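Please find the structures below.
Same chain, two partners: chain A is paired with chain B first, then with chain C.
And now, the complex of A and B:
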């Protein structure tokens, strides 16, 4: 029995849609659950401002939800667009688009829940700082969403680009690799950025005078945390746009798939680790403002060391793409 | 296209190199971040000992880095030697 290419394209579209929404639902649900659990404790501590806390919980959850909504949009596009009649590469494109968006939504969903929960807790302790806490939460959560937006961009590029002029081998592997690089690569930075934003909300509630410094150091720490997601995006773009010479060699295809997996998986650890570092630095800058310079320095040194394995992954991925 | 044994082995070595470095980078990244996180906490509590704490942090991170370097070595061996 031979199965037509159009059938395989449909199989890939439905599988990709399922993967996008299945993986994409994990993060937002955990993050929002954390927010609601913190909000419940906050309301029991200070029932008088339950209305404000409830509002802040819903706003925070809405931001965490956006990562899952991106995944829903990609899943809907994959389910209801007619891709039949296109080249055989479309099979790989649709799977990669689903994987990129699904995996990419995990970190941002979990991460965005942390600052929202801590903002609710902070409001119950320090109701006067509600406005400042909400602003800080919104800035912090917005930065957490950027890795998910990178994944969304890669998914859209995959779905709406025309790869029909490219040779099937090894482009199919480059496309799948790009999906893994953007998807896995977003997990660490999304989660790490949330850890930083969480303690900045905690710090503002405990020590209102430190608000400006805390927000600045939070943004600095989050910026470093985002770097590994940007490496993932970079490798995904190289794999998508470089254009590879046709070859029948399985090795050439596996090198490109390996490059994507290497950068994607390699970005998870440094993203989480750098987030954990900046989380503590921000927490202690709020409690001990005199040590701000010392703590910022040690935070950057610690993050730089943590970044090293991400850079090894980038180097190995670049060797796999350009040297092999 | 006939796939011969040698092609399959080469393909596995290249994919393995990517997996080795990718998965191997997760642990050190998280571990070194935790070391630096506690170093920040310690300096926040006792800023006077910043020099000593920085040294301890860097030595601890260097040890934690070793598994990442093993992964890099194995990845490079798979790419260029095997």
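And now, the complex of A and C:
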């Protein structure tokens, strides 16, 4: 039997590596493409500073790529580490690690392409603001990566934790659920955070005097946008570390898998929606700085309402874990 | 690699229960507190119209955060809460930067630190809300838009504590784990200093600021 388990562990490691890099490649590529297309438009508008725009494009693309590089690291670890001889649970651990990182990299990759592209466009309009725009873009894109970092953390915890003391059923389902919660949960927030950072770059280019305010409100909007990704991380942690009583029933196992899927999928919409709310708020704060307090309040209330569906998912996931 | 996820704990039995202390975060937090006290002493030792170097840094923090608090709250309240907001930021900043020093980690990579900061912000914001609006209006706020939404509104409020503390914790601990794993993978060559600079100094500063701003906003939402 041990040979059979080892074979399955290898299968899981290869599949996990493939999933991690395959899904992980989607987002960054789209984001970088968006950046390059905006940079081309910007250069044609203002060819005199093509050097600056080109540099800014490369820096922005490098940051957008980091989500894919996280996925590459996880895929490499899965492919080249020898996992054989471990418990049956390793099969589900490796799949979950790959899924978590692969899915988690999609949103952040696309998202951090937006501010980079808009920064290039802004530089062509307002060359004097290049420095400020680049700083703002760096901050915005770095915060966009947070959901991908959460997925990476869950992947690493999965790979390097020792689950051998846990009962196989239902822990295998809890582990897969954790992968789904962290992976799917990061998509919406990553993308939404990018939308916010995009308009902050646009705003600074349009109205340089509002730069400080815009950056502050951008950080606030992005932070609230990430809330649902944090719920995903929370559910993943609960699923990984709670420790479940052994059970033969498939129902109990499916409840844990369902909890992960529920939180992960439920976090996508609110993430994008909250990003859209903050995007418009930041865009108009730049044009009408006097209305900052009012706009910030509306933004926070709108985000709270849009987040309520994420909270429903959180409640259902917690019920699935603790009640059923 | 082996020390990943290992925690030194002191377990004290007390009347049949066990009190668990995570030793490292406690020591690190005290190092930060002592560092801040020294910083405060040096910044105010020779006060002058023309500030010295350390006084200028202190004035910069005070200036920025008093301004931000005034933007979010009204004049009277901001005088009351600005010192807390400034102190919170400086504390979290020093906490997040402590990991740069060898043999030290960030107290904020322990959930207990961030959760206690989050609960502190939660209590303060609700205290401010009750004091400003009165208990009746405050409780009425939970029954909006309809009274049966109350449980969800309460969960929403509690979720704020979870999200604010897990955001800081996840970012700082994530940075830690990434630096450890990548350092191990590249045999400590070339990459680690850059990763440390990015995750500890840059992300640490941003997350300290985000945490502070969110606490401020939570107070502002309760008050208005």
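The definition used in the following text is that the second predicted complex is superposed on the first by the 321 of 324 C-alpha atoms of A that agree within 3 Å, B and C clash if a C-alpha of one lies under 4 Å from a C-alpha of the other, contacts with A are read in each partner's own complex, and residues count from 1 in each chain.
Please note the rule applied: contacts are C-beta pairs under 8 Å (C-beta built on N, C-alpha and C of every residue); 3 or more make two chains touch, one makes a residue touch a chain.
Remember, predicted model here, so these are calculated numbers, not experimental data.
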Using the overlay on chain A, decide if chain B and chain C clash or can fit next to each other. fit
Kindly classify A:143 by the partners it touches after superposition: chain B alone (first), chain C alone (second), both, or neither? second
Determine, under the contact definition given at the top, whether A:308 touches first (chain B), second (chain C), both, or neither. both
With both complexes superposed on chain A, which partner does A:82 reach: first (chain B), second (chain C), both or neither? neither
Mind working out whether A:220 is in touch with chain B, chain C, both or neither, as first, second, both or neither? second
If we overlay the two complexes on their shared chain A, which of chain B and chain C does A:249 touch? Say first, second, both or neither. first
Applying the document's definition of touching, compare chain B and chain C: which contacts more of chain A? B
Quick one: is A:275 in contact with chain B, with chain C, with both, or with neither? Answer first, second, both or neither. first
In whole Å, what is the nearest CA distance you get between chain B and chain C after the fit? 9
Set intersection of chain A contacts, chain C complex versus chain B complex: 307-308, 312
Contact set on chain C toward chain A in their complex: 1, 4-5, 68, 71-72, 152, 155-156, 159, 162-163, 166-167, 170-171, 173-175, 177-178, 181-182, 185, 198, 202-203, 206, 209-210, 213-214, 217, 220-221, 224
Under the touch definition given earlier, write down the residues of chain B that touch chain A in their complex. 1, 3, 7-8, 10-12, 14-19, 21-41, 43-45, 47, 50, 53-54, 57-58, 61-62, 65, 68-69, 71-72, 75-76, 79
For the chain A and chain C complex, residues of the former touching the latter: 70, 73, 76-77, 139, 142-143, 146, 149-150, 152-153, 156-157, 160-161, 216, 219-220, 223-224, 226-227, 230-231, 233-234, 292-293, 296-297, 300, 304, 307-308, 311-312, 314-315
Chain B partner, complex, touching residues on chain A are 184, 188, 192, 248-251, 253-255, 257-277, 279-281, 283-285, 287-288, 290-291, 294-295, 298-299, 301-303, 305-310, 312-313, 316-317, 319-320, 323-324
